[in-house]
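These notes are about the structure you will find just below.
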Amino acid sequence: MAANSFGKIFRITTWGESHGKAIGVVIDGCPAGLPVDDTLINAELDRRAPGKTPYTSPRTEKDTAEILSGVFEGVTTGAPISIIIPNRDADSSKYEPIKNLMRPGHANFTYLEKYGVFDYRGGGRSSARETACRVAAGAIAKRLLDHFNIQVVAYMEQIGNVAVTERKASLEVLQNKTQQSPIFCPDQAAQDQMMLAIDKAKDHGDSLGGVVRFVAEGLPVGLGDPVYEKLEANLAKAMLSLPATKGFEIGEGFAASASRGSEHNDPFTTTNEGIRPETNFAGGTLGGISTGLPLEGRVAFKPTSSIKKTQKTVDHEGKEAAFVLPEGSRHDPCVAIRAVPIVEAMVALVLADALLMNRSARL
Amino acid sequence: MAANSFGKIFRITTWGESHGKAIGVVIDGCPAGLPVDDTLINAELDRRAPGKTPYTSPRTEKDTAEILSGVFEGVTTGAPISIIIPNRDADSSKYEPIKNLMRPGHANFTYLEKYGVFDYRGGGRSSARETACRVAAGAIAKRLLDHFNIQVVAYMEQIGNVAVTERKASLEVLQNKTQQSPIFCPDQAAQDQMMLAIDKAKDHGDSLGGVVRFVAEGLPVGLGDPVYEKLEANLAKAMLSLPATKGFEIGEGFAASASRGSEHNDPFTTTNEGIRPETNFAGGTLGGISTGLPLEGRVAFKPTSSIKKTQKTVDHEGKEAAFVLPEGSRHDPCVAIRAVPIVEAMVALVLADALLMNRSARL
Amino acid sequence: MAANSFGKIFRITTWGESHGKAIGVVIDGCPAGLPVDDTLINAELDRRAPGKTPYTSPRTEKDTAEILSGVFEGVTTGAPISIIIPNRDADSSKYEPIKNLMRPGHANFTYLEKYGVFDYRGGGRSSARETACRVAAGAIAKRLLDHFNIQVVAYMEQIGNVAVTERKASLEVLQNKTQQSPIFCPDQAAQDQMMLAIDKAKDHGDSLGGVVRFVAEGLPVGLGDPVYEKLEANLAKAMLSLPATKGFEIGEGFAASASRGSEHNDPFTTTNEGIRPETNFAGGTLGGISTGLPLEGRVAFKPTSSIKKTQKTVDHEGKEAAFVLPEGSRHDPCVAIRAVPIVEAMVALVLADALLMNRSARL
Amino acid sequence: MAANSFGKIFRITTWGESHGKAIGVVIDGCPAGLPVDDTLINAELDRRAPGKTPYTSPRTEKDTAEILSGVFEGVTTGAPISIIIPNRDADSSKYEPIKNLMRPGHANFTYLEKYGVFDYRGGGRSSARETACRVAAGAIAKRLLDHFNIQVVAYMEQIGNVAVTERKASLEVLQNKTQQSPIFCPDQAAQDQMMLAIDKAKDHGDSLGGVVRFVAEGLPVGLGDPVYEKLEANLAKAMLSLPATKGFEIGEGFAASASRGSEHNDPFTTTNEGIRPETNFAGGTLGGISTGLPLEGRVAFKPTSSIKKTQKTVDHEGKEAAFVLPEGSRHDPCVAIRAVPIVEAMVALVLADALLMNRSARL
């Protein structure tokens, strides 16, 4: 069933647990001739890195990915690209006291019921650590997109009740401002308020959710394969496969439900690049196929499950218990922050695959 | 790339255009021994049937599906089940006048660019007519779920700005009330207001969007396969593969982004059925695996693209033109209404597949 | 698990039982812009047609395939192509007397054990009738290959102990001679002896096996994807998925096992088309990738299982019984004959898929 | 296209080049609860180990596989199992002199044409070294089969013109005798002659081909999924995906083509285990589904391509050249020998997958 693989032609398979020896990803189907190296991947991993700010968890580990195959003399060979990321700073002893408790908002209950066994150390396979592999693979996907002048950016649009107010800017400006913000928020005023909100939640031993927006530009018309491989269908699956996600929108999303056809429909016009929709309420696709306008959507993240507050739970035998995080546990007060580069990576992976799939559309 | 197939073990492949000879679906991977017949499928198709109320389009065609293979002496044999639905009431001549115009909100632009050819009659492959095949296959999936005491219901939660106010009811009550409503809305007060809103939009030659909610009960703990085949990931893909969908939520969805961990986390407790979350803000999954609580989510539909109002567009050569719907065109004022049984079918298809995939989880 | 589908990009899904209402195939992933129609398919089906000669079974049904979708104004649209072939001459009453007996050499035993139910009429899903769908889909695949100047031929190389002695001829000559032979044998002397052998076996109420050879020319260098999608790996799977097949060879096949490296290795040389192997003991691939030389291989078919002679068997309860074919049963004395166009179709399907897959090999 | 993956539920993805940093395999879909460890895998790798006898190449590297994920406290968790095998003894400098020459019988020509780039060191991805990953994964598959009392053995049946004369023995005896033979031949008289033949070929700077036979016992009735996932179809693909393979047979194979139906058909009888075929000319399947009798088949290997004799070839520019193996090159005089445990592994992988796929056959 290949439950740990994603994509059809440009296809990734990830492996590894939070506190195992290493995690990794195998990329199969990357075309030959693409220049890639470890640096490219580690630069992306650094963006996702824990310990970067007080607003993400203080795990001090700096990830160093290594390409083990599929690249020869600096370019991809068409063979599978295996990337490994060792787990360095993985002290699992602190999980001992809670190993027999169901963790509210976590997956240890469902994993245990499904598989009869659970690697309780730091979340095991269900840990967000797996997403480092997506970022590593996403770095290769982005390089492929670069080659075709497709650019992707994701940024923090909302944390708790604080939202970015103004978001019209060129993708390049968005990329720069986002990169400069410790919480990936391109709007400084909003960023400062978001940080205050986080500080406040932390003070209460609590956590916050958030919304990440993504934008991709430079797409040709034609990406996405109806009817089940629509571009937004694969984006939705990509996003809901991320830990802590609760919702996905393309274009106007749920707001479209409350609008009228005459407001929502994008009229067509002729531009320098050819026929295009004049507005982009659709968010860049029609019938599941890219229109050539920017691809835009949003992803909802729930508040971090691990909080300092004591929570009600039961142990493996079903006996009532209080769940208290072990001393020294490191957890982000808002998982959505670190999710920003991950969302970006998932968009890149979906687009790389759609780009290659589109090569068979015509004779 | 199998872009017209959905599911891994319980896998459907749909085919057919809106105004071709027929449409159909092949179901591969349905276990042997399940009692099914044409009646079962046609009962579901009747629910989706066009022409049922003034609130859906007056296409008078009554679909009659026929099982052509895979069933012997009343039960499935393990062989592929082929279902065909002839296209009876398909007058395509009226599409002639608009065949060279890009239709705002429709897929003819993107199909034409991608494939270099487009079956312009009634939307061709991009038509919502394809969803009849999903409903037909969903009827078989539901029968399979029945066997394991899993029930699914979908209903109209919001049209335009009118929303169901009270939604706590047993699944059985929801099913009954929904079935009695011409617009699949279990809340009569809301239903009446929704109808008024539709009437008003129609009077203006306009259309409305809507939100469909789904609920499934009776799921065992364990459905869904991390990390890329999470239950909500496949649900999200299923829903965003439907025409006109703009968003998906599981559990609290986007609202979760504005909540705190201490509010959102579901504590664990012990019930008659074993350990379960005490509340269900998560919407029935943890780590992508079902918790045994009801599976709940929402799907956003944009307003119908086909409206009476004249719209700005261009022709195939890019020359400006006015888009006017041909006389006698039949279109729903709110596509979300007819989508209700389709959403239900997609939930059933995702669950049937997850149920079979779960058989390999353990030794 | 999609057990009734074959291919990755150019992907077919077949359905239907020998004595059901119809059989059919859905082709997904055929590029848009290919000119196809019913005639093209029916011409291929005629070649496979039963009742053509005394050397194949007298079932008088003439198959008439109909394209139901995916073609618009004479060309493929990129949408799935659904082809249906009604079952006309399917008298299943004669199977009643043997419905409770295990048929030696047939699949009713294994189907019944696996699925708990078996459509005993004429072999049900296990019938060679399913291969008509492969031929129909193969007709489209061949048209695609034509576009790229790739030609495929299969012919009868051996029946019983009679083998073609001389097989060096151009592909075009092979095609013509094969087409003129009632048993698809391009060597007339061998053909006559094969016919005698068949007559003799029939006189004894017995049947014969045979070997079918295939040749494809015009392949570019590069088809086939290592390491698990090697061209010969997919050909082997294609052939062993056919009923009654017992073996597959590429190039020298088993004979290569008894040769030395210095004899078997094909040296390289420079030709008008570029670098190529000078000889072709390999059969047209190296490392699973086409070399540009003719693709050549062989497929072994067992003797027809249905014979007039009384055979020992048991009934469903395991009680000893004599298996006697019902009066009026129609069976080929040598299944390999009718398999010739089927082998050809399978080669075409494998090559069409490999051709499209190869589009993603390079940047 | 996932060209480096094999299997549907029990699915492997291999990566790595002959002279890269490491090779490895990710196993996805192994059920939770299976006891496995490094020792299990390394024991199988030792069997395949180079340098074991003068009849295989003297590469002195002893492979040491390490499980990096998917196993917790000694049992599988349902998460992907990543296995890494470092490349220790990989001196690639000797490949420099021949890097611009097409190697007769090798894949550097086709890889270069297909991908535009080739890792020339030791065969890169096309090297038989990749098969170590199959053996590692096969060790896990075998453990799974053990749990269901299914046993697999492969052995050397023929080298050059020397064949095993008597092969009737219990699977256990075959396993023991095969394990004791330095060339995996259970028949000592044949083994001695095979060794002489190899010595003679080596003296001439030449190489030999061979045939490997496999037998599996303990299969339940029901493995294999018609029509495209027939057990023999997947076995054929598995075998032809191995380097140097030229043919595959199930049961009587090509010999069946020369037999009559009355000779080849296996009559049914009643045994202690239920209804079974009385003889096994079919080789253990009917209609692509296991009959419960031993699964038997053969695989043909060409003679090793790398030989001491000077061979005719061209360089990358197409200029004529003489191909001479670099001094110190290590190559097996008969690749079929080392292929024995690899064939065994591939049978195990196919059966493990078929076993899990069969879980969805019935309600």
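Order of writing sets the labels: A, B, C and D. Residues in every chain begin at 1.
As a convention for this text, contacts are C-beta pairs under 8 Å (C-beta built on N, C-alpha and C of every residue); 3 or more make two chains touch, one makes a residue touch a chain.
Just so it is clear, the structure is predicted and the values come from calculations on it, not from any experiment.
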So which chains are sitting against subunit A and subunit D at once?
-> B, C
Tell me which of B-C and C-D has more C-beta pairs in contact.
-> C-D
Chain centre separation (subunit B, subunit D; CA means) in Å = 46
For subunit C paired with subunit D, centre-to-centre distance based on mean C-alpha positions, whole Å = 26
How far is the middle of subunit B from the middle of subunit C, if each middle is the mean of its Cα atoms, in Å?
-> 39
Multi-chain contacts in subunit A, i.e. residues touching at least two other chains, fall at 1, 3-5, 8-9, 14, 29, 32-33, 78-79, 111, 114-116, 125, 226, 360-362
Interfacial residue positions of subunit D with respect to subunit B in the complex | 9, 29, 31-34, 78-79, 144, 147, 226, 356, 359-363
The residues of subunit D that touch subunit C in their complex are 1-6, 8-9, 14, 102, 104-107, 109-111, 113-116, 125-126, 130, 158, 160-161, 201, 204-211, 221-222, 224-230, 232-241, 243, 245-254, 256-270, 274-275, 277-278, 282-283, 285-291, 298, 300-307, 309, 311-314, 318-320, 336, 357-358, 360-362
In the complex, subunit C residues that touch subunit B = 1-5, 8-9, 11, 13-17, 20-24, 26, 28-29, 32-33, 66, 68-70, 72-73, 75-82, 84, 111, 114-119, 124-125
